[in-house]
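Below you will find the structure I want to go over with you.
We call the chains A, B and C, going by the order they appear; numbering starts again at 1 in every chain.
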């Protein structure tokens, strides 16, 4: 682990070792917050921040943490950061925090976090840990963003709340684009994630299960 | 047999390996086996069934069984149209109206579904699987008459790709593709799949554009009786069971006439294409559950009404009996059928968001089928093991 | 790594945990205190927006999250709210802090509940805004309804937790649905008949005026109808304090001759308590027994039963 090259630490999780589509972690929030792009983006940023800070903090403390309570210490750090993020969202972007509802709180239980803390931060110096946190967070955010773009575009005909499909077709005097309600449902997110995984495995044969 | 020889000698090599149209072999093969009984049956060695009844022949039987329901369904489309506008131009014109409304849906469903299947088959250089021949006809039969063609196209494409091809094609799918099409439509475009306006076409036959000088009769409601059940406005006395049995009520195109569906069921049972165990136990399960509900609630439909209304009979005869997605063990088939029958009525009566429970029940049954089989097989194993050990 | 302490000893572990917990607690308390005002302002603002939305048509402009606070100030709403009980008497309490959810138990208003009332004075007309809460198809729905002094709806605003996007969610997103309520009277001849929400072409199930259900979202619409009825039921004595006479007057206009004379004394004594109005009305409507039982023309079942006995 410690020998991993720094660029790999950061760029790996973006695609070839993506936490969502390769390690298949953090799926529940990926299904829940991707109906609209704004919450997905905020969720991605929130998780990236929490993960990067948590990684750094745990990495700094790694030589002091008592082994028997290390999971608890990790949880406390993550929980504190998550509550902080939640408070800030509630104060400054109220509508988004409403859309995210419980899912910000559930960052605590996001498997990506515990996975990275346990597998990387505990055994690496702060700077690689920061890169690892950023890489995994952005990798997660990327998948969320792709999924949310497709879901919002076809499910609501909008992007970031602006009419895209509906507007243009309507002006031509046709019935207009009819929103496909299926895309607003979690099942659609699962299928889109599946398609991303499908595409990725097709492009990277070494990721395919033997 | 001149034609046959000609095909075998001249055309066949073009599509074989090294031929000019090698890449299109799948398509050629599919048409060839569609029109001619295959030349080869199973190998002459070993214990195998030496019969020309391959799955194409089986599926032709399903399609034949669907014909009565489709014919009555088409007539009913015209009949409901006439009722809505308060006119009567004879059964033949009503049938013709329904035909014009129905045919484009069939064409779209086949074109999209077979197009995708053929493309996939060509890519994999496999035979085009025949499963879609039945699915393609089932899809237009179980949608409301006013479903736009593009919706059918989108839903068919979705179901062929995501319910069938990604599982490995015909014979490998977990869920019934025709029902997935309907479920997709139901969740993606709920407005087009429920309400008062989708089940009866009041405009022109082809595209439902308003006809000048006509108007819907006052007080005519195109809501299905099941929608009335969900609304709580159902009155078991005013809805005639006979109408529902013969098929002159609003509903998806071919699900209305229980009589025509039963005709198809007879054909399926006589030719042993469908499992009588599943078919009967679905009806038994449905009857049981409706009897229980009818005993406790005054305004609930009677048992006969439950079985004749909506898509229950259609689902029991054509959907639940799909051998690919259903149970394979005999005991499992009884459990599977009962489960679907009971669930269909339960969903219909207690989840008012989904007035048509049969679709959901069969899909749920599909999901449970492997589990049921697993339990049946395992209990059998443990029973025998006990006998051995005793 | 130089070890000065055994990281696995009990003492170290306990001290470590304590220090960590205290540090985190301090950090979080500080954040919470620092951001509390802003957060409170946000939730308050949302509530204000929803309240004012119910009189938006009278204000003649849209109420958004941004301008809600200013409009609230402009209308001096802070001084124009109070609490009433289900008997219609004013009681003490902070109207704005009452969560409408807490007023209900099993879908019915709790008899001893303290109900919030907001009064928006727009162009000299006081609009009383009442809070509603109920079950929707998939989750809770809530909203505010304003009535003018004659008991006619001046506007409504709805919100929901998890109604079907594009269908049930129209109760919030489709202004046409909310606007359909405007001008409907919640009293028929002095009797509370709410505003029913039923499918186009179907009669009002509470016997008064009705609004057409949203196509494709009949169930959510039904629940909106139930919510309005059940929520307003608690407010009826309060609203009638100001509108009963007006309603009765219209009914007894013939007897009393002119409206002005009808207004206060004469009519009121003879036939104008809400109860008596209701019962007479019921008798007249019910006619024979079977009709009375089947149709819910008489809003109140108890009334109807009384009717039957009287027959």
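Structure notes:
Following the convention adopted for this analysis, a contact is a pair of C-beta atoms (placed from the backbone, for glycine too) under 8 Å apart; a residue touches a chain by one contact, two chains touch by 3 or more.
If you're wondering where the values come from, they're calculated on a predicted model, not measured in any experiment.
In terms of which chains touch, the assembly is arranged so that all chains touch all other chains. Each of B-C and A-C has its own count of C-beta contacts, and the greater count is at A-C.
Centres computed as Cα averages put chain A at a distance of 39 Å from chain C. Averaged Cα coordinates give chain B a centre that lies 47 Å from the centre of chain C. In chain C, 164, 166 are the positions where the chain touches two or more neighbouring chains simultaneously. The residues of chain A that reach two or more other chains are 181, listed in rising order.
Contact of a single residue of chain B with at least two other chains is seen at positions 190.
Interface residues of chain A facing chain C in the complex, by the touch rule stated above, are 35, 63-69, 72-73, 76-77, 79-80, 83-84, 87-88, 90-92, 94-95, 155-156, 179, 181, 184.
Chain B contributes residues 154, 162, 166, 184, 187-190 to its touches with chain A in the complex.
Within the complex formed with chain B, the chain A residues making contact are 178, 180-183, 185, 187, 191, 194, 198. Partner chain B is touched in their complex by these residues of chain C: 137, 164, 166-167, 199, 201-202, 215-216, 218-219. Considering their complex, residues 190-191, 194-197, 219, 221, 230-231, 233, 352-353 of chain B touch chain C.
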